[in-house]
Amino acid sequence: MNTAQRVLAAGLSLALLPSATLADESTRVALVPGGPHPYFAAWEQAGADAAKDFGLGSADYRVPQKWELGLQNQMLESLVTQGYNAFLVFPGDPVGTVAIANELAETGAPVMALAGCLKDPSEAVFCMGTDTGNSAYLGTKELLKQLGDGAKIVHFTGFLVDPNTQLRIDAVAKAAAEGGAEVIQVIADIDAPEPAEEKINAYLAAHVDEVDGIVTTAWVPAVVASNALRKIGDKRIVMVGIDHDEVVIQAIKDGFVHGTMLQNPYGQGYIGSFVADRLRSGCTVKADAPFKSNALTDKFIDSGTVFAGANDVDNYVGSMQSITKVLFDEFESTYLDC
Amino acid sequence: MNQKFWQSEWFGPLLITVTAIVIVSSLNPSFLSPFNIQILLLAISVNAMIAFSQMIIIAIGQMNLSVGAIGGMAAISFGGMMEVWGIPWPIAAVLSLSIGLLAGIANGALCAYTGISAFVITLASLSIFKGINLGITEAQPFYDIPDTVKSLGNDTFLHPLPWLVLPAVAAAVLLWYLLFRLPLGRAILAVGGNEHAAALSGISVPRIVIVAHAISGLLAALAGIMLVGRLQIGQPTIGDDWLILSFAAPVIGGAILTGGHVSVAGTFLGVAIVAIITQVLVLFSIDPFLVQVVLGGLILWAVGINRYREVRAHRKIAAGAI
Amino acid sequence: MSDTSQDRAPEGDDSQTRPSAMGGPLRFLLSNEFGLIVLVLLFGILFSTLSPAFLSKFSLYALGRTSAVNIMIGFSMMVVIITGGLNLSVGAIGVGAAMFGGWLMQAFGMPWVPGVIGGLAMGAALGALNGVIIVRSGLHSFIITLATMSIFFGVMIYLTRAESYREISPAFTSYGRMKILGVISPLLLVTFAVAIMLSVLFRFTALGREMLVAGANARAAEISGIRVNRMITYCHMLSGILAGVAGLMLVSRTGAAIPSMAGQLGQDWLLPAFLGPVLGGTLLTGGRLSVLGTLLGSFLVTMLTTGLLLMQVGAFWIQTYLGLLLLAAVLIDLARRSYLERRKLL
Amino acid sequence: MTEIFNAQGILKTFPGVKALEDVSVSLTRGSIHALLGENGAGKSTLIKVMTGVYRPDGGAMMLDGAEYEPQNTHDAIVKGIGVVHQERNLIPRFSIAENIFLEHLADQPLRRIDYPKLFQDAQRWLDLLEIDADPATPVDRLSVAKMQLVEIAKALSLNSKILMLDEPTASLTPHETDTLFGILRRLRDDGASLVFVSHKLEEVQEICDSVTVLRDGQNACESRRLDELGRQDIVRLMIGRSEMIPDWVARDRAEGQPVLELSNVSTKLGHKAVDLKVHKGEIVGLYGLVGAGRSELAKAVLGKFEITDGEVLVNGISAKINSVADAVGRYRIGYVSEDRKSEGLVLIHSVLENVGIPIWRRLSQFGGFLTNGTVRKHTVPFIQKLEVRTPSLEQQVGNLSGGNQQKISVAKWLAAEAQVLIIDEPSVGIDIKTKAYLHELIRELSDTGTAILLITSDMPEMIALADRIVVMNEYAVMGGFNNTRDYTEMSEGIMGLIQGDETAAA
C-alpha cells in the first residue's frame, strides 16, 4: 500500500509543484495521532510526500506510545519545545484536546484537527476528517440497500469513552429507522482484539439466524467480524465494514463482506501539511469558507468517505486518490485567501 | 490432600460455574449450541494460558505485571517471522516461545539477584517488552498468517472441541503435575509458603524464582501465539489488557496473593466464570454502558462466595484445634 | 525481599544495630530520597546537554504541570500502600470525582469552589466505600479494588453516557494555563501544598501515625488501642480524595471534565500511581512511607518521559528506553546503597 | 562417652564488636548438652557459627573426627548439625510428611514424588516422636507443640549427628514439655547428641548432662558436667554474680476497692461464668496450662472478643468495652502480649514510636497535632527508668534484643499510665538479669497502686510475684488462694485445682 501511495504522491506532485511556494521561515509540521493505530500509518508517507512536494522544512509523523490523553499532551508540548510550528492533531478526546490545541495556537502555530474533530469552540483553524456520523449513516444505508424491509441489523463499534462512538450509534440508528430496519444490538468497547473476538463470536454463535446485516464502525470490530463471517462460512448475513484493513478487503473480495466505508487518511495528511504551510506563508481561511458542520464543529471539511464494494475494492487506493485529488484541486480556492 | 472435595478451594468456583451454566442455558438454549461451546472454549483456552502464567508467579508470592507485554512480544515475533522471513510456522512458534522463555528468565534473574521486588522489576520490563513490540511493528499488524495456523486457531479437531483446547488442557495437566507431584513444583510452592524455611532445606530460592518466571514467560508467549492463530493476525495490541484477567482468575480460583497456595483447577474455573460472564452480558444484550458494572459486581460476588466458604472452613478447623 | 542475614550483627545481641539506624547525614546519604535527588540531577544534566531546549521556559513549565498531576496520583496510591494494600481503582475514582465536580458546575452552574469540594467529597466517598468493603470482607484490597475499578468506572460511563462537561467556570480552568513567573504552574503549587499537608499528617498528627501503625502491624496496633479497621478505611478515603484532587487538576488543565482522561477503566493512571511510591521507597508491605520520595520518584519518571520525547529517540522505541531507564534508576540506587553500607561496615 | 563435636578457640568479630572470643565447646555422643548465657553473651552467634550462618574468623571445629567448615546453613544440615529454631521453619500448607522430608525437594527436582511411600516414611518418625496425626495433614492445622515435634522429626530424618534445640519449650505447656523431654531422653539413650538452649534453669537441670556457659562472648565454663553444679553456680557463671532471690514477704492486697472485676463472665470463645477480682495495688497471678483460655480471657476483657454474658466492672462501675480502643482509651487497661514480635510491638518502627502509641491521642492538641518533643517528654522517662539499651530513640525495635523489646512493650503501658495492667508470660525468651529486673518492676508497679493481672506458666515466677493465685482450666476458673510463697505448698495447691479437686482451694 505504501507503493500505491508513492504512485499517488508522484502523480499529485507533478500536477501541483508550480503552485507550491516556499515559506521564508521553513514550516515544520507535526502530524500527531492519538496513539499507535494502523489507520494513521498513511500520514507518515503523506507528510513525507507533502514536505517534498511543497518544500516544507519537515512534516513528521510523531506517534504517542499509548492511547493516553496525558501522553499525547506531553508529546505535543515537547514538540513545541522542539520547534515545530504547525500541528495536525487527531484529538485524543474531542473536548479534552481543545485546551492543548488552544495553547499550541497561542504559540502562533496553525493547528488543525485531523481525522477527528475538536468540539467547538476551539482555536483549531478547521477540522478535516471523516464525518464519523455521516460515514456510519452512509454505511448503514449501503447495507440496507441489500436487505429487505424490517431487516434486523447489529452494530459493532469502539470504546464508549470516545464520544464519536455515541455519534456512530445514533447515526446507525437513524439510518436504520429511515430504512425501516431494526438495530437489534449494539456491541461496544471492543477496540482491543481479544474482547472483540470473544464478544462478536459469542453474539453470532447465539443469534446467527436472527441477524440479517452487520455494520461495523471501528477498525478492530470490522476485522474481527469479517473473520467471524468467514469462519461461519455464512454469506447470507450482509456486512458493511469500515477502513481498509487487508482482512476486510480480502473478505470483500471473497464475498463474505458486502463492502467497506473507506476513509482518506493519506489525503488528510497530505492536504493538511500543504494548508499548514500556506497558512504560515500568510494565507488566511476565508471568512465565508463553505465549511460543513457536524455534531462537534461548524468548521468541518470532509476528507471524503466512499463506499467500496466487491467491484471497486481492487483499486480502493485509486478511489481514495481520486477523492484526495478532487479535494486538493479546489482546496486553496475554496477555503483560503492568499 | 486428605480434605474433602467440597472443602477444596475449587469447589466454590465450580458451584458458581455450574449454576451459571444451568441458569443461562435454561434462559437461552443457544448457549449450549455446539458452535457457542466452541466459541466459549476458544476464549477459555487462551485466557487459561494467560491466567496460568500469572498463577505460577502468585505461587512464589510475587506479581508479574509483564505477562501481557511478553505475550504481545511473542505474538508479533511469531507473526513477523512468518511474514517477513517466511519461516515455517512450527519453527517460528518454537522461536517465539523461546523469546518468551528468555523474557521470563530475564525477569526472574533480575528479581532473584537484585532482591528488588518483582513488582518493580516487571513494571519496568513491562514497558521494555511493549516498547520492543511497538518498535518492531510500528503498530502495524502482521497479516500474512499461514492458513494452517489460522485453522488451528479456530477450527475443531473433534466437534465442538477446538484445537486450542489441547495446549490449554495440556498446560493445565502439566502444571498440576508439576506443582503437586514433582519436587520442583513443590519447591516453587515451598518458596512461596516460607522462603526462609525453603532456603534452610537447601532449596536454591534464586533458582526457583527464575524457574517460576521462566515458566510464566513461556505460558504468556504460548497464549500470545495461540491468539495470533485465533485472531488470524499478528496484532501488536495483543496482551494490552491481559493484566486484570490474569489476576482475577487465579484469585477467584482461591489462590493466595501472598504465595504458597494456588489451585490449577480453581484458576481454570475462574477463567471459565469470567468467560461465561462476558458471554452472558452479550447474550442478554445488556446495555453496553452497564457491562463494566456487571462484570465488576460479578467478580466481587464470586470472590465473596469463595471467602465465605473459606471463613466457615477455618472456623471448623479452629473449633477442632482448640 | 531476600535480605540474607549474612554479615549482619546477630539480632540476639544487645546494642548491635544495622547501619540504617546510624543517625545524621550518613543516614540521609543512604536514604532513597537522596538517591532520587542524585538521579534527577544526573538525568537533568544529561537531557539539558543533549537538547538545550529541555531547559527552555515552556519545557520546564510543561514538565512541572505534567508532573504535578503524576505526583498527586502517586500520593493517592501511596496512602493505600502504607496499609500493605493496593488501590487499583485510583483512576476510576479520580475520573468519577472529576466528572461529578464537572457535573455540579455545568448542571447547577456552581462556582468552582463548591464544585471542587463536591468532586472531592465524591472521591472521598468512593475511597471510603473501598475501605469499608475491604475491612468488612477481609479480602485482599487488590481483588476488591480490581472489581470496584470496573464498577465505579462503569457507573460513571453509564450516568454520563461518556459526555464531557465543558461549562467549567473559567476562573477554575484558567489555573490550568496560568504561568507564575513564566515557569511555575499553579497545579505544581497545589501538589507541593498537598505534599506538605501529607508530611504533617503522617509526622505530626496522632491520626497519621495511627494509620501508619495500623499498616505496619495490625495486631499490635489493635492491642495498643488503635481502631485498625477505621484507620484502614481512612487510608482508602484519603486515597480517594487525593485521586479526586488529581482528577480535578486535569479538569482545570483540559478545561473540561472528560470521561476519557484516565483511559479505559482509568487504567492509564496505574503506572504513574505505582512508579512514584515504589521508586520513592514506600514499603509495599506497608507501615512506612516517604512523601518526599514519592514526589521525587514521580517527578523523575515524568522527567525521563519528557526527556526521551525531546531527544526524538526512535518514535516507537520510547517505551523501551523508558523501561530501561527505570531499571537503571532502580539498580543504580541499589548499587549506591550497598556501596555505602559496605563502606561504613568495613 | 566418645566426643562427636568440638570447637576450639572460635573467634567471630563484627564491625566494632568481638561477638565471640576464644570460645570452645565439646559435645559427646549420647548426651544432652546445655548451652547457656545471657542475651548478648554470644549464644546466638555461636549457634550461627555452628550452623553455617556465619564463618568464624578464627578457631577450628571438628565433627565426628573430621574437619568441619560449613559453607552455608544447608551445608551444615547436610554435614549433620540439625537445628530447631525458635521461629517455625515449616511450609504452612504442606503436609507433615512433606515438611519432614523437605530436604528431598532439592535433589532430583523432576522425579515424581511417591506420596504413599512418603507418608509411610513420615509415619515412622511420627511414631518415634509419639505425634498422633495423619502424615498427610497440612502443618498449619497443628498445634504449636506438634509443629515443633515435626521440626524435630525433620531434623532427625536427616540423621543429624547433633540436634540443636533453641528454646524448644518456650511455647509448650508443662505437659507437652514433659512429653518432649521424654522423647529427648530416649533419643539421648539411643546415642544422639543434643544441644539444649534455654533460659529456664529448672528445665536445664532436669534434662541436661553437661553445660557450656558463655559470658560476654567468652567461655564462662566449657562442657562441665551438670551434676557438679547447683543452680546458683550456673547463675553465677552466667551473670558473674549469684541470683538475687527477692525475699519479698507475702502481701494481702485483697481488701479495698477492686479495680478490675469480672462477674460471671462468659465469652464467645467458651469461657463459662468467670469471676475474677483484681484490687488496687494487687498482683493476681492467673495460672493455667497453655490453652486454658487465659490470654483469651484477657483479650475478652480488652474487648477483642465478645462477652456474651456477665459484666466487667472497672472501679466498681460496669464498663462498656466494645473495642480494645475503649479498654485502653477509656478504662486505661493495658495488655503486655506474650507474643512480642507480632502483637506487642511494631518491629519496623522506632523505639519512640512504639512507646508512644497509646498516648498519641491523649497528647495531641489543637485537633490532633503532636510533636516528637511532646511524645519524648512523656515517654523518655519510662524508657530510661526501664534502662532500655538502645543506641537511639530512632532505633528500629526489630534490631533490639528480646529483653529490651520486652522492656519497651512494658514501658508503653507505664507511659499510658494504665490502672490495670495485664501481663502475659512476661519472661518468655528473656535472660535472667532482665527477668529479675522485670519482676522487681512489676512489684514496684503494684506498690504504686496499679492492679496487675499476671498470666504465666512459669511456676517459680508465679510464686515469686503473685499476691493471690487464681487457677484456670478449660476456660473456667477452678479457684484461687493467697500466695504464701511456699513453693511446694503452692504448686501442690495449683496442681490440685487443675485436677479440679476443690478441697485444695483455700
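To keep things simple, chains are lettered A, B, C and D as they appear, and every chain counts its residues starting from 1.
To be clear about the criterion, contacts are C-beta pairs under 8 Å (C-beta built on N, C-alpha and C of every residue); 3 or more make two chains touch, one makes a residue touch a chain.
In this text the structure is predicted, and so the values were computed from the model without any measurement.
Ranking all chains by how far their C-alpha centres lie from the centre of chain D, first place goes to A.
Distance between chain centres (mean CA atoms), chain A to chain D: 74 Å.
Mean C-alpha position of chain C lies 42 Å from that of chain D. A straight line joining the Cα centres of chain A and chain C is 37 Å long.
Centroid to centroid, with C-alpha atoms defining each point, chain B and chain D lie 45 Å apart. In chain C, 157, 161-162, 264, 316, 318-319 are the positions where the chain touches two or more neighbouring chains simultaneously. Residue positions of chain D touching 2 or more other chains: none. Those residues of chain B in touch with two or more other chains are numbered 131, 134, 138-139, 241, 289, 291-292. The chain pairs satisfying the stated touch condition come to A-B, A-C, B-C, B-D, C-D. Taken together, the chain D residues at the contact with chain C in this complex read 14-15, 17, 19, 39-40, 42-45, 48, 53-54, 302, 304, 323-325, 327-329, 335, 337, 342-349, 353, 356-358, 360-361, 363-364, 368-371, 389-392, 394-396, 398-404, 412.
Note for the complex: chain D touches chain B at residues 73-74, 77-78, 88-95, 98, 102-113, 115, 134, 136-137, 141, 143, 291. Of all residues in chain A, only 36-38, 41, 63, 65, 160, 184-189, 192-195, 197-199, 201-203, 205-208, 223-224, 227, 231-232, 245-247 touch chain B in the complex they form. Interface residues of chain A, counted against chain C in their complex, comprise 36, 61-63, 65-71, 73-75, 77-78, 80-83, 92-100, 103, 119, 159-163, 165-166, 189.
Note for the complex: chain C touches chain B at residues 1-3, 133, 137-140, 142-144, 146-151, 153-155, 157-158, 161-162, 264-265, 271, 274-275, 278-279, 284, 314, 316-324, 326-327, 330-331, 334.
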